[in-house]
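Take this structure first; my questions come after.
When the chains are written out, they are named A, B, C, D, E and F in that same order, and each has its own residue count from 1.
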Amino acid sequence: MKLVTAIIKPFKLEEVRSALTDLGLQGMTVTEVKGYGRQKGHTEIYRGAEYAVSFLPKIKIEVVVPEGTVDKAVEAIVRTARTGQIGDGKIFVSPIEHAVRVRTGETDDSAI
Amino acid sequence: MSLGTSRRIVRLAVTAFLFCLAAASAFAQAPAPPTPNKGDVAWMLTASVLVLLMTVPGLALFYGGLVRTKNMLSMLMQVFFVVCLVCIIWVLYGYSLAFSEGGSLNAYVGGLSKAFLAGVTPESTAETFTDGVVIPEYVYICFQMTFACITPALIVGAMAERMKFSALVLFIPLWVTFVYFPIAHMVWYWAGPAATVGAAKTLAAATGDAKTAAQAAMDAVTANAGLAFGWGALDFAGGTVVHINSGIAGLMGALLVGRRVGYGKEAMPPHSLTMTLIGAALLWVGWFGFNAGSALEAGGTAALAMINTFVATAAAALAWMCAEKVAKGKPSLLGGASGAVAGLVAVTPAAGFAGPMGAILLGIVAGFVCMFFCSAIKNMLGYDDALDVFGVHCIGGIVGALGTGILAAPILGGTGVFDYTTGKVGDYDMLAQFITQAKAVCLTLIWSGVGSFILFSFVKLVVGLRPGTDQEREGLDLVDHGERAYNY
Amino acid sequence: MSLGTSRRIVRLAVTAFLFCLAAASAFAQAPAPPTPNKGDVAWMLTASVLVLLMTVPGLALFYGGLVRTKNMLSMLMQVFFVVCLVCIIWVLYGYSLAFSEGGSLNAYVGGLSKAFLAGVTPESTAETFTDGVVIPEYVYICFQMTFACITPALIVGAMAERMKFSALVLFIPLWVTFVYFPIAHMVWYWAGPAATVGAAKTLAAATGDAKTAAQAAMDAVTANAGLAFGWGALDFAGGTVVHINSGIAGLMGALLVGRRVGYGKEAMPPHSLTMTLIGAALLWVGWFGFNAGSALEAGGTAALAMINTFVATAAAALAWMCAEKVAKGKPSLLGGASGAVAGLVAVTPAAGFAGPMGAILLGIVAGFVCMFFCSAIKNMLGYDDALDVFGVHCIGGIVGALGTGILAAPILGGTGVFDYTTGKVGDYDMLAQFITQAKAVCLTLIWSGVGSFILFSFVKLVVGLRPGTDQEREGLDLVDHGERAYNY
Amino acid sequence: MSLGTSRRIVRLAVTAFLFCLAAASAFAQAPAPPTPNKGDVAWMLTASVLVLLMTVPGLALFYGGLVRTKNMLSMLMQVFFVVCLVCIIWVLYGYSLAFSEGGSLNAYVGGLSKAFLAGVTPESTAETFTDGVVIPEYVYICFQMTFACITPALIVGAMAERMKFSALVLFIPLWVTFVYFPIAHMVWYWAGPAATVGAAKTLAAATGDAKTAAQAAMDAVTANAGLAFGWGALDFAGGTVVHINSGIAGLMGALLVGRRVGYGKEAMPPHSLTMTLIGAALLWVGWFGFNAGSALEAGGTAALAMINTFVATAAAALAWMCAEKVAKGKPSLLGGASGAVAGLVAVTPAAGFAGPMGAILLGIVAGFVCMFFCSAIKNMLGYDDALDVFGVHCIGGIVGALGTGILAAPILGGTGVFDYTTGKVGDYDMLAQFITQAKAVCLTLIWSGVGSFILFSFVKLVVGLRPGTDQEREGLDLVDHGERAYNY
Amino acid sequence: MKLVTAIIKPFKLEEVRSALTDLGLQGMTVTEVKGYGRQKGHTEIYRGAEYAVSFLPKIKIEVVVPEGTVDKAVEAIVRTARTGQIGDGKIFVSPIEHAVRVRTGETDDSAI
Amino acid sequence: MKLVTAIIKPFKLEEVRSALTDLGLQGMTVTEVKGYGRQKGHTEIYRGAEYAVSFLPKIKIEVVVPEGTVDKAVEAIVRTARTGQIGDGKIFVSPIEHAVRVRTGETDDSAI
């Protein structure tokens, strides 16, 4: 199994989610994160104080998929998350050695 | 005991003395100009403060809680800014345009004789609805100022989350000048009780040729009123002037600015119903100043307006919740709060005319109608009136304006209409009154609808109404104001 | 200057004239019915608004801030709903049951003669505590309505986070009908100053056989009062009727609904002490309407009630903080806020009777006692009174009710008790008064305790009191109302 | 109609009768002591409540929203605690030190004759600014109490996020005793209208030797006043006493406690501008009690103060936003709110003296000056006045105090100054008045500046002013109070 | 070393934490996440607008453990996090190549 | 590529970020987390109820770096995040098999 981690623009979450479910992926975990990168941030001013904010709100999607589905998943995310503008985000694939479903104790592919 | 009062008593004592020497009525002699009763002053000062409370923070929070976090500040800012701007415009020329004699245009708008509050001093007084009862003019100006502030502030909810601040800055002064002040004048301006009663007395006393002259004078007095007031339309605290007016303007704005990016596709839940509830509660609290204050006196009518403002609101909130329970399975807090506002809107024109039971009925109807409109009909029509300004204020206002025509009837526990010429409540013709109400509603819908459409179009042309899509996605807080509402 | 006043002055001038012709007292002639003083009206209108402010948003936020996020809306909703529902019930029959003559049941409850506010008009007046001083009855109804609204709203805090909304919908109407209205009648209903003074005058004047008749009349008047009022129990603004009453009812509810899932095991910290502080502050602000408004006049007694409400609250807040500092090492904001509420509760019955120094003492005692009760004793007993309704309102109310018996004593700077029959403050028997207070407390504890227990049990039987465990875990906001309080 | 009034009328009727028998002025005979007008009482009760609302929750939220989440509760707690503590101190000896005759020290501070409110009853009255007009003393005490509470509460904003609670607990009682009470006495204490008018009358009537005696009496009366009042300094509602006073004290505190850890390096954005807006709005709302209430009567002057408080605030808010738009490209909500507060501060001393147009001007100036000071100058000087207490309250207060000297001029639409000895508005010498204002400003800056510096240094010595670096990083909420503001 | 990532129901955190500490694991990192899976969400209604919410609040526990402790840790989590109902969550095991304790610079097993 | 995960004290974020950017790392993702470890927590009291809070606010930085940069990155983080007191945090290094830039579809090293 692999863990596919995607960092995307928040408003793209719904599209990406449905694209993944269409692939038959029945679960995923989402986290609100802040991203730093090429995409420029903004400046905030509070009375005398000015702050340059370089971290932007992003959504991190983590989905563990069977070996076979990795490429399809990555492709689906790229397709749906892309706006073509700086800040669209990244996808990272890393290995998962073992998985367990807490409720049933099922393991590995049958757990996800 | 006010100095005025003591002065009277002194005068009176001397008078009594004169009595004894030559029993002549001292009261036939010209009476001193009336001085304010401090009880009325106390209440009207309080009422003015309450209406401000109802706008900021009240309305600001009610609206702010309903938008997404990224647009919270823009919502608060727009309401707050409108209040500040209109305060200034009001004392510069607004009060004058609304409440001074307008010469040839008097049916539609006032003049500039009171621009910059010319001639107003702490001693000047304004008449209430009772002959001989007055309040300091500054109090009257403050009280009416708060009405002029909240009305345009209500509009911004319709274009929430997508209207540029700069567009608002241009729109507001135009709108109050060409829409609010005229409508306020048309509905509320009149010659006042003293003149009316005086003319009526003279007419009654007059005989022979004097009669025609007196009749002419009487007619002049009656003619010296805004268009709708002349028709005899009833609007106790501003159902037409404030709510129908802002509601239809909001609809025009929503149509011209267009739907929010992602509307119907992305979820746009209120970011804080807690703030919305605080806002709704403060609206209720402040509305007592709005409605009971509109009696301009601390007396029985204010008390009636107060109890009606309690029960109509409660009834409408319960009605909306019930409707939700039936239609969607669960009564919601937002439903309750929306219902309360709908009830407040509906009871506004009726507050001093209907009886408590009538007010309950009015509230129930308003709750159901607005609930139905904001869910079913609005979705059907598919326009994006973000915070339901039209659905609650315009629709609710119409329910109230028409309902007033019915519920003011004494047979329904209403107060009927006081006739200054006869000095008592006249016979009540429900149908006639209902038609008059309908006319006033149409007048407002047309004047404000057309006027607002023109003004929004003009602003769209000049500075444009909305930001770019990316900016809208980033949120107006950062784009327009360079701030974020929360940094937890 | 009110019309009434001018009319008086006219009458007076003529009178003065008559004087000179035949020096006969014009004042022996039947006086016109008293008309309200606009100063009183202004204050009572304001006071009514303040009490609403104290409930929504005040109480709603104070409670809401103390629950977990997932139950925030349910808390706000329950308070808001109770207020709306009771407003309607109040005008339908509540006011009548509480404040009209109850025939044979008069000692316990009123009648239905004023159901639907029958016969009340903007002109009708209600007596204050001063002979000849009245306010518009609508104002009186509004003011008392706000009391009827907040009392049941206080109860919901005890069952917070785990009571079904549907259970509340059924419970509230029953509770106000069988518990609140009767207790309000028992403690507050009486014949009024005019009747009392009148009867006393006649009695004093009467001679021979007339005396017996006059005595009978006098007794009839004195007998025309609620049970506790008849005993001579002192409750200036509702220590028994509002606080002990709701506090004991809350305890019954907490016991019958049972503990929250995870109580004692999982952490259940307040989700927003900011909201709780806003609520506490608004409770304080609104409570001035509650206490100073209970004078029913804008005079010295209202002023006394106001300063007492300032200092007792401040003293109790400081006392609670000190106790925390000593017992737990740190004074907390929640402690301060809780202390303030405890002080407000305790000073409620004493506000118009104690002197400022007495009020400070009362506040300090209330702060310590309630703090001790809410931490030590409650944990010992182990029941889950989620928001300490019993610990603060019932215990604090008892401290206040008994304390009033002591602090009303003139030797302790109190006002003593005004005797309408003699027209002056009578001698003060502290022990007797203390016992009377204790009797009134017991009456309330028993009536409300038993009544509430029965009603909660009934509701449990009919619709059940709490949701399933999973639902409770998910939170009442989603389960009961399909909303979430925050979407940051 | 108050009992007092009817009593007057009775007296009057009899008087009128006497007239006829022997035409002697009944009014030369000793008049009964004046009784309060209930309209005034109603308004002053309301005003007192409004000033509390302005402090808690108003000021608490305005400040709290500006700090970081981890210090939210400490901010709320400090304001709330100060209010509670000062309430108690006020009735124990504060009122006496501020508003009683101070014997040999009378120019600087009052005496202890009214400690523990000795001799005050619900019947005792306090004079307003009109001869013969009084309000219940308890109301006056409450109203002034709220001023004593908010002033030290304003200071805490300067040391926000880094001052130990224990330091505050020690500092506040010292500061009010040695700084606030004396300054209040110096600026506001005087013999009152009755004495002044009486002495003036006698003087006018007196002839021969009597003249010298009368003159002496007159001088004695004039001399019986606080230092600044004696100079003739104008401070309608507390520009010097409240704002300059707290502002300079805040600066001293900020300097002595030092900068926040990470100041200038780490970002310290406001954690909730929503709370700040709510606070600002409630400050505005409550400030009407503060300013219009300072008229002590419900009349034309209160009305003038109210309209000025509307327009000056609005103008200042708009001015600050414009300045931001120009200087930084975007108008911000925090800017608008800060501007509003600056306007409120500036109009405070001028509220009852300037005309509306003058108030607008004053607001604009205050908005620009404070905006410039809080961004440019403050950053230049580099001290850490966390919430700009000095920049807004002291600077704004100075603008207001000096501006009052100019705008009170009748030629600029001001009211001028009423001369009790002549019974009418005297000639207005703008330069002289401006200088007097400047003197009062300096007196306050020096007394409060030096006094506060000494007291802060003392506290630093005794308990220390700030927590350890790690504690400060963890946040005062956990360190000082063991709570967290939010548990979402 | 391995990274054991567990997604569980929020109210189970305390139990799981103590179970892990009982194993002698002295540290862990916890994140509030939103989970999508078989467990059905709920519907929210705001006036006219209805939203089907499919993401549910979950807690993600990340604990890096020495090879030897992995199974014990997984077993402990399964035992304490299980309610037997849909939505109990998942456990994923992935490799950690290197660990450092910032304070001391200690590395690998001695760092955790 | 490797994923370098650092758990640090919140107020150190800015320093760490600039240290990493100085290494030429153009992006990173940050998450607010709660940490449990040797660093002792605090006690909260709400009226009668006392809670011992053992989870402390931490910041998790995730940065994917080319093989070559791992040590430099780790060193930079240790240097800037260290205060020398308990609770400074940890750094974990784990393998990333594949990376994609959503906007362009670029992969692996050129994607980060």
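Rule of thumb we're sticking to: a residue touches a chain if its C-beta (ideal position, glycine included) is under 8 Å from a C-beta of that chain, and two chains touch if they have at least 3 such contacts.
Model, not experiment: these values are computed from the prediction.
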Each chain counted as touching subunit A and subunit C at once: B, D, E, F
Selected pair, greater C-beta contact count between C-F and A-B: C-F
Interchain centroid distance [CA atoms averaged], subunit D/subunit E, Å: 56
Inter-chain centre distance, subunit E versus subunit F - centres from mean C-alpha coordinates, in Å: 17
Euclidean distance of C-alpha centroids - subunit C vs subunit E, Å: 51
Residues of subunit F engaged with two or more neighbouring chains: 31, 44-46, 85, 94-95
Contacts with 2+ other chains: residues of subunit D: 2, 5, 9, 12, 16, 20, 37-40, 42-43, 46, 267, 269-270, 272, 278, 328, 330, 332, 334, 482-484, 486, 488
Pairs of chains in contact (touch as defined earlier), listed by label: A-B, A-D, A-E, A-F, B-C, B-D, B-E, C-D, C-E, C-F, D-F, E-F
Residues on subunit F engaged by subunit E in the complex (per definition of touch): 2, 6-8, 31-38, 54-55, 58, 60, 70, 74, 77-78, 81-95
Complex contacts: residues of subunit D adjacent to subunit C: 1-3, 5-6, 9-10, 12-13, 16-17, 20, 36-43, 45-46, 48-49, 52-53, 56-57, 60-61, 64, 72-73, 76-77, 80-81, 83-85, 87-88, 91, 116-117, 121-123, 136-139, 141-142, 145, 165, 272, 275, 278, 480-488
In the complex, subunit A residues that touch subunit B: 11, 14, 42-46, 85
Interfacial residue positions of subunit D with respect to subunit B in the complex: 2, 4-5, 8-9, 12, 15-16, 19-20, 23, 26-27, 34-35, 37-40, 42-43, 46, 50, 68-69, 130, 132-133, 269-274, 277-278, 281-282, 284-285, 288-289, 292, 297-304, 306-307, 310-311, 313-315, 317-318, 321, 328-334, 336-337, 340, 356-357, 360, 415, 486, 488
Subunit F residues touching subunit C - in the complex, by the definition given at the top: 44-49, 51, 53
